[in-house]
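Chains: A, B, C and D, in written order; residue numbering restarts at 1 for each.
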């Protein structure tokens, strides 16, 4: 997957750093995979089909045709509670930025997927476990407002461990804020698709992830409100492996479809085509 | 319960006939009850509390303050399929009229309940098992249209064995017709209450009975879509006694409240008061 | 219970086999047997007409239930494209209901169908096409989605009726069906329903409140199954054949009543004898209806839908009103 | 786990008993012991202030969880009238949610609350006030009913959080909570939410998107329980006290943030020490808020509700925006 120029610029030095890691080990089958092969295979294990977690920019470049106009880059992480534990919250954030190569838990913007203009948000588990703080909530809200203004369909990729503790109630309030934006967006008759990737839990799961017209999930993605450990502690027994997987939720009627990463882009394009009345925007 | 003049006129000779039956036996505890005592106790067994099935006009006189203006009396039973088995359908209808003292399976009209103007429909199981044919569908639709025009709340008492076979698909279509009228009525912000009495099944259960704002049921009323015998034949086992009772449905979350007949009128009055903004109409 | 249509087909198989053999043999023979073959074929056609030409209501019930009859998915899979959506978002995905986005003649639609199994294993999985409350809630959800996105709703009706099991009653089957009726009566988009097999009771109507209702020539649509009707009225399910005749459940009867708008013809012997042609014809009829309905302003569409059902069964003093004077 | 507030109260019981005894004895005595009694009473007041006068966040967590603290139904039963409505119409009636029509200061409302048990038996029945998806679906249904009938929505928040059990996950707890948020964010009627005890996470927020949010002086409201937060961040639930302090979960903190609009004071020692006064005060505050909100046109009500949540947590370059420049 060649990296487009805009992406290379946006990632800066981190792009090089990340590419420097030459191989990855599959956490499911143990296969050692060359990173270049893995990327070429959309970060799906060539041996067992395990879907690796992807960075937001890798997702975006996998989907978006050409240019991608980011929204909300000016919104930066605050420290509303003045949080300190072993480190201050700003120090943690700085470390995560360095490590993950992105500046917050979601990347939002407008671009086109196979000719269909779309508002796209992609959460990134590598940044503080994809937790939703005010930046995530604010950027997604800005994206939904922009999509509403321009009558664009909106696609959100979720990946989240839940609300971000260090922002306390401000984090929880992002569930309310994003939902209010979703409701306005949908009330105007716009199309909303969410793609739940591993893992999608807590406050993200219990807000915009499950408010969309069509809920797609990646194979074996862990999806739920309560975390697996919390449930196991509560009921004092082990849960079966398939509990809270995408496939489990499909059977339980909670999601619309489980789609492999290879099929994901064509599926999204078809969904966008249905909602666009069968016509490409351009 | 003294019979109001309008009611005495409406029932004509049947009123006298029915009152001639001096006693009734409770089907639950076997107690023999004087009909006058039973009527005075709202047709509830004084020994075990069993709620007897009530005739439509007894219901109406139990609820309505003074006058009751019937709607749809001009709508009479047709014979769209030209049905004949042992008897013709018109002959069956005539026999049921004679026997039940009413001219079809529902009585509809406008009156007031403790000062609240209301559109009221009461089905009567004594007329062909409360089955819904075109007259039932037509009268209920007319009532809902009148209620919509006058912005009155609507209360419907259901009692039905389902759709009336002898009117074939015309009977089934009454589910569609009444539902369309319910939807228009409710879309205007009007208040709709149904009271499910024993039994409420089939096409009535699967249309207006379960489309209301508040679903009240009488104790032990049998409520369901499929009949008990049909289910037992399908699963080849006996069902527990409480299956499909009002209390069972309350636990299963299907209905809002189970209310004894003694509490029924005060409960309806309170519900009407909430919906009327706390004020009586007059 | 054996299907008498299938029985009759078995009787024809031997004749079909002989004709085929003769054709094969004829190629290698010095003597031309074409006249004999033609005679046999003519005979075969006569028998077909004799056996299938004038089906009684009871035979139509069995034709509608024929195991090889095209099912909802056979039609849906013939769309240019179909992406199935699953689940009621609350409890379960009911395999007796299939639904999702489709592209029909270039137009995006929401397609929903009641799906029987095409073999025993699939029938078990799909509960013989009898939907549970979860299935009807999926229907409602998809109809609501269609209305939100202003996309027409295309349904395929094919069920003996709603599932009559314990958990269906526990999960409020009545409410699930009622809320489908409610949603369909309000959806501000064109709705075209096609009864492709058996249309049984409220479980069928839940998908069939529509601006245009199509029936296949030999499909049936009735207030109750003939067996159920006979059991209810005469406590004798064996009188189902009589009930089938009395219920006026054929496409022809229902078109006469104004309950059904269009009948799509089937080949002699039933839709399964020329599946592709029948499917193409049905999709063509649906497309024509949708095209006409899509041109109507939503307010008028809804008003006409209301009037259509408002009219059905308006009698005064035993006389049918043809124009719904109470409307 | 013992509740330290209850522990402290136990320590006071002996003193209370002695004062009461002295008062009884005093009546029959020739020597007046009033000065001694007055001194003891003053001492008692001092101790009360000492013990309860300046509660730490962690103590407030325990005050919010106090077994005698008034629950949702204690407030709702103080309405002029209440008629409970039950069920999600699909699957179950969840006793952890109570809701129905009420009459408050002569005004019809829909009241909805998260209901803990007031003893062990009731706690088991009500799942300790932790709602299941069916409970949240009942909330959504009632909120929708209120919006249809143009009746204000009054909620009482009091939960450790949504039920974290197997069947809750199987029945799509996430969807159930999300759709409550969705419904509340759109309902075109005034919404007043009061956090009367513990407001835990998304399970609390599901009832708390409101035009006016009230908290009792010692109630708490947080993104996660202190125990949960400590487990998540430090894999050590015993650091809950530290988490309680860091999370800024007190009514006072949240009013400062603009997340909470009003604080209703409690008597020294907590709401359960003068239940009637606290309940009356809360209902008075709710009524005042509803009266104000009911006078607003629905469009403006919705716009202000949107702006209120739109503003929360809008930072640019680490700076809080006070007026939501992105709105």
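Going forward, a contact is a pair of C-beta atoms (placed from the backbone, for glycine too) under 8 Å apart; a residue touches a chain by one contact, two chains touch by 3 or more.
The structure displayed is predicted, hence computed values, not measured ones.
Separation of subunit A from subunit B in touch steps, taking the shortest path, is 2. Farthest chain from subunit B (centres taken as the mean of C-alpha atoms): A.
When the C-beta contacts at A-D and at B-D are tallied, the pair with the greater total is A-D. Here the spacing of subunit B and subunit C, counted between their Cα centres, is 33 Å.
If each chain is reduced to the centroid of its CA atoms, subunit C and subunit D end up 54 Å from each other.
Averaging C-alpha coordinates per chain places the centre of subunit B 42 Å away from that of subunit D. Each of residues 210, 252-254 in subunit A touches at least two other chains. Touching of two or more other chains is recorded for residues 89-91, 170-172, 175 of subunit D. Interchain contacts give a graph that is no line, ring or star and is not complete, per the touch definition above. The chain pairs satisfying the stated touch condition come to A-C, A-D, B-C, B-D, C-D. Residue ranges of subunit A in contact with subunit C, taken from their complex: 186, 189, 191, 210, 213-214, 250-257, 267, 270-271, 273-275, 277-278.
The touching residues of subunit B, when paired with subunit C in their complex, are 74-81, 83-85, 90, 133-135, 137-138, 141-142, 145, 162-177, 179-184, 187, 202-203, 205-211, 223-226, 230-231, 234-235, 239, 243-244, 249, 252-254. The part of subunit C that touches subunit D in the complex is made up of residues 89-91, 133, 137, 170-172, 175-176. Remark: subunit C residues 81, 83-94, 101, 103, 106-108, 134, 138, 145, 148-151 touch subunit A in the complex. Residues 162, 164-166, 168-175, 177-179, 181-182, 185-186, 201-202, 205-206, 209, 221-224, 228-229, 232-234, 242, 246-249, 254, 257, 259, 305-306, 309-310, 312-320, 326 of subunit C are the ones that touch subunit B when the two sit in their complex.
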